[in-house]
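The two complexes that follow have chain A in common; it is paired with chain B in the first and with chain C in the second.
Entry: the complex of A and B
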């Protein structure tokens, strides 16, 4: 019996540890945040900015189920102003009774105004990378205008804007000017590496959002220096693999032809490492299908395919040349990945030139970048011709 | 108890082989990729990791060779033959201290990590205590049972590491491993030193080999055990570097946990892989703690003449208090570094001293015999 008493005392005292659960939060009390937008309100002092954060909470009853449609809006946007992201986030608790829950945060939209300020972007990202509750796979978008407006885009077929944006970014292989989504984990890498990079843009069109094109960020100040248009973004995609596919429109004997790209591979090689005469060779291998043709030639003809391939190659060269010209002459930022290649395969040379790559002597602008493109058309669709030559 | 088939307190050399990685792999590897990446360029750190591992493997081989050449004898008994009794007591206490400190450190780190990632509001002290209570429960049972628990958990830990690596493939970029061979020699040596600290824990061999019946295979088994540790460490290191790149790995507090957070397995249930990973890794950490608490109890018993359980209940509060002493994560990290150095230097030192003396003695004996 002595032993039993001991056991009893142990069991009773152990209830102290079993009774409560410090971290229990009922699911009804949780405010699921799926999207966040950051806008600049004003600059208070040098290096001190007031930003507006907008959190998008999901209202589960608004979503409804498959059988029974939801009633009312499925989301709620709440904005707060402040200087640090974390404190601003805490401010939400003053107006929202639910406890904010970030583990399902999917999309982060940052307005261009934030990016234009030096260092503000990297400062804003700190919380999203540092906080344990947040996942590294949160996707980042840049808004040309107000970021919080983007979180209001609800086409008829969607309920929650953040989810809609997230799904939109899955379609990257459809167009050459949409780049692979960038997630927060990568942002840490980009900022730490101090090499220039691009971020994808989202634009509001009516009640919809349009994903495409990029803005160019300087690697040192993490400040936006410009943006690329549709063609330039496509060219960039071909050079460094940001793009997964898309469509190229070319002319074959005066008739338009649309080539659907199924695979892009690229290889960069630095052939000459002399400070003032860095030579870069980029070969781009593209596989494609014929998707649409307005002409009357037989697409099964080998000669025709050769012509089609040649004009696609020319098109790729044109697009990439535009991009190279813009980033070398106008923006003077190496978003092509030449500096990364130098760091990885010409480490000693890179140590010599890294101070003068984009600044100072500007070796990047004077680098000679050659593009070789090789296009292979595999498939032509299910029909050869749909109209005959006019006699 | 006596009619229980596996109730006898003997173990096989295979259990030693598994016990070694079970003790060694714990909290060290969670932050090790960061410490190595900070010192090296690209993925060069693998050289440091490999060199440190091989050096420790050699020492481990010597330790087990030494202990195996005195089958059935306890550490106190064979070491007093080689060095004098007082010295052997001193050695014994140093090794015990090492295990006690290690277990105190580990229960603290597991609480820190669990608090950061899992329980936001639960007090640190409660998490530590809960974990320690489970460890105490495990240690108060059969010692051979503890070894079998190692055998049970270890394959699961290896499996989760492989799954993690496999699913990281989508995020893995070969480019991140470049440039290669650009790290300076001094940085490599420093990185080797730091990597060595993650191999602390082989001091269990001094005591546990006594329990092995057939000691012939023990040295080979312990080398195999250490090689498993090196293999797993290298795998984790490469996957981390390949997924995050050098700069990010060097700037994440626990790169291995972040890796588990980064990967997402499509299909809902396993989407949150990190929670799954946590559960398994806590098993690894449990093994480390349970083994090091047990070995210190086992080594202390001859001095006290107390029952195992009584001694355990005396030591547990001590471990808990030591674990709660450091304030803040920086002091915890300092304690970790101290334990690493203390553990590696003392265990290696004791091994080298005893091994050399025993070799000389044996040599002399042979000479005598020849005469």
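Entry: the complex of A and C
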């Protein structure tokens, strides 16, 4: 009995040596993928597409170490073609000795061509959501042209384009047409809810990339139905809070004035729930500072501030009106969040109309959306005026 | 297993020592002196001074020259014996005479009468002087011990920025004096016993009667009485004999050179064991929290004390986990490292020929080698070792591409963190356990680290020190003791003795008075 116990202990402890180490890959043998681009090559059959995946691998020695700066290129882009994302990814191992490692994947750039095909986008997303090694915080971008070109944008102050794109998306509170970055986790949610949504756009400008504006995705077919320009994106940002801040240029007594937005709050209220006459009231509360003023009035004057606030309110209404017109008349997709509000606060009514909200009877297009904007200017800057009135 | 071990030790204890000579003192002076010489092998330092007490009553004084106070023997013993020989030695029998000598003549503090040769020999060898008188089977033992000792110095192994600069020395009497000077309570007890078959060293159990839990003292006594060995060179021998588990990596007794630490421990209701010839006093029981306590925590203000303790807890975790975490993250969980850092680690590791575990093992062993080399060498050379090791080996290993610079940071941080733990013996066990964590991390990654951590926690929860659970007051929880655990509360608020020791007297002060 005593002997048996010893043997047992020996056997159990020897399992440590028998098993283990099975996932061990040292850090220098990993090929860190930081960015992936998906482009459409061609449509083979109905519902079968050949796509091109471009993975951006980091070259650590190019980035440099804690001790010394790097030299040479810090990244390499490798492309492969295939129909399934997973298999295509596996193909990378045929040309790259390092094991592809997705846990540091930062950005996914999808070309517009992929988005236009019905359901292709959600099929492509399946791998990125399903695979255990991938994080839900991967940020998604849309390129109007070739997505893989975006992964070549290298301003001189950065080493790795994907990291640069990732950092670029942090600057969302500077401009009204840059929306908060959207990540894979949210996309799964949106696809499952069959909700229409917008995706941020990136475009290549010289060696740099420019972040701004959105494309509109239809919830049901999961395909892109159109894109919004700068003004329309700004308006959308005010309506559903995608934007965190930015600058509005307005005219006060024919002198240009730039208002820096510090805070945006919005509230949506559905005042009438009749199928053909849904009334929506959106109040937008904006706090701002005077950032730049070309005129000669005293900005400390109460009346001037009232005028400035009124013209900013008007500007907000203009921008949002453009957006509403576009999504209601042209695109027929509810990216404003009205359906979400109905679902949350008028569930019974939503059950009645949900089939005909964006399609069929198209109640969304006939909805009456009113915007109330209220702007408050808190600060006027460090100086009252720079030039005197001309007598 | 441990229990059987103790039982075996106990059985051996009572075995007779074979000897040829009589163990009693006889009436014949010359025969007695000869017995004594035979017994200890007539060494050179044995001094026998024969003298005449008058009326032809012969006597002899014997002592070991290096261990006794010769001045006192001459002035207070021999002079008195010779001066009074005319007066006193009348028609008394030798038995009465020796009583007379003891009561009236000898002006030495401690005088004992004995007829046992065994006791006489041992006392002689511990520095007492013996007076034999012809015709009586009794001898007198005079407390004339005096030998060269080290002066009281600042304890080297536990130096503090603020606190008493006195440390224990090798002399038991001095050490007891040092404790008494901190506690002038009549209930302060020093229970003396002897240890070692051959060394017969004095061992003192120190506690405060009325505070300490009597069961604790009984348990300590029971364990001490089981000791059976030739000699205890150092209190470490005692510690290892009476500890609860000799398989545990954690010490179950505190050792200190600081009298103030012993004094505060016995005032809390603990027991301290002092051994003659050792400047290290043992304190029992201890818990894992003791590893992070330093007397200085109490000497500085509570905010500083708390801060230092928190630093030490962090230090302990760094010591145990950092190299293992490095291995786990670099070999398995690269996704958990922030991207920029991951790339830079990957860049530094490019060209390193070993996996992270071997790399960490090399550097860990190097660090231990340097530490050991520094500790063995004389202090002046020890510093050179630090410079040579730290700069040359570290720098050279990196430029040679054997290890990555990150590994050097990890090892250096681990080494520095391990030195923050005040209890040196615990610090060593932490460093030892670190290798276990590293191995687990190499085999199973973070999962392995978690498994080993659970194993160690199970062990700690099972471990006891003198019957007190090692994990108190965390678990079993004594919430009231928590004000002196990770946090160190303000002194006026610490008006209760640790509950986990179950002291007889629980309050040590009253805040509301």
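We take it that the second predicted complex is superposed on the first by the 370 of 391 C-alpha atoms of A that agree within 3 Å, B and C clash if a C-alpha of one lies under 4 Å from a C-alpha of the other, contacts with A are read in each partner's own complex, and residues count from 1 in each chain.
Keep this in mind: contacts are C-beta pairs under 8 Å (C-beta built on N, C-alpha and C of every residue); 3 or more make two chains touch, one makes a residue touch a chain.
Keep in mind that what you see is a predicted model, and the values were worked out from it rather than measured.
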Partners on chain A (chain B, chain C) - clash or fit: fit
Which of chain B and chain C A:163 touches, first, second, both or neither: second
Chain B versus chain C as contact partner of A:101, first or second or both or neither: second
Touched partner set for A:34, first chain B, second chain C, both or neither: second
More chain A residues in contact - chain B or chain C: C
Touching partner for A:63 - first (chain B), second (chain C), both, neither: second
First (chain B), second (chain C), both or neither touched by A:137: first
Which superposed partner A:307 touches (first chain B, second chain C, both, neither): neither
First (chain B), second (chain C), both or neither touched by A:354: neither
Which of chain B and chain C A:180 touches, first, second, both or neither: neither
Partner chain(s) touched by A:23 [first = chain B, second = chain C, both, neither]: both
Overlay on shared chain A, then closest C-alpha pair between chain B and chain C (Å): 5
Chain A residues contacted in one complex by chain B, in the other by chain C: 21, 23, 135
Interfacial residue positions of chain A with respect to chain C in the complex: 16, 20-21, 23-28, 30, 32, 34, 58, 60-61, 63-67, 70, 101, 103-104, 106, 133, 135, 163
Complex interface listing, chain B residues touching chain A: 41-42, 116-123, 126, 129-130, 175, 178-179, 182, 244-245, 247-248, 251, 258, 261-262, 264
In the complex with chain A, residue positions of chain C that touch it: 330-332, 334-335, 337, 339-340, 342-350, 352, 355-356, 405-406, 442-445, 448
Complex contacts: residues of chain A adjacent to chain B: 17, 21-23, 132, 135-137, 185, 188-189, 192-193, 340, 343-345, 347-348
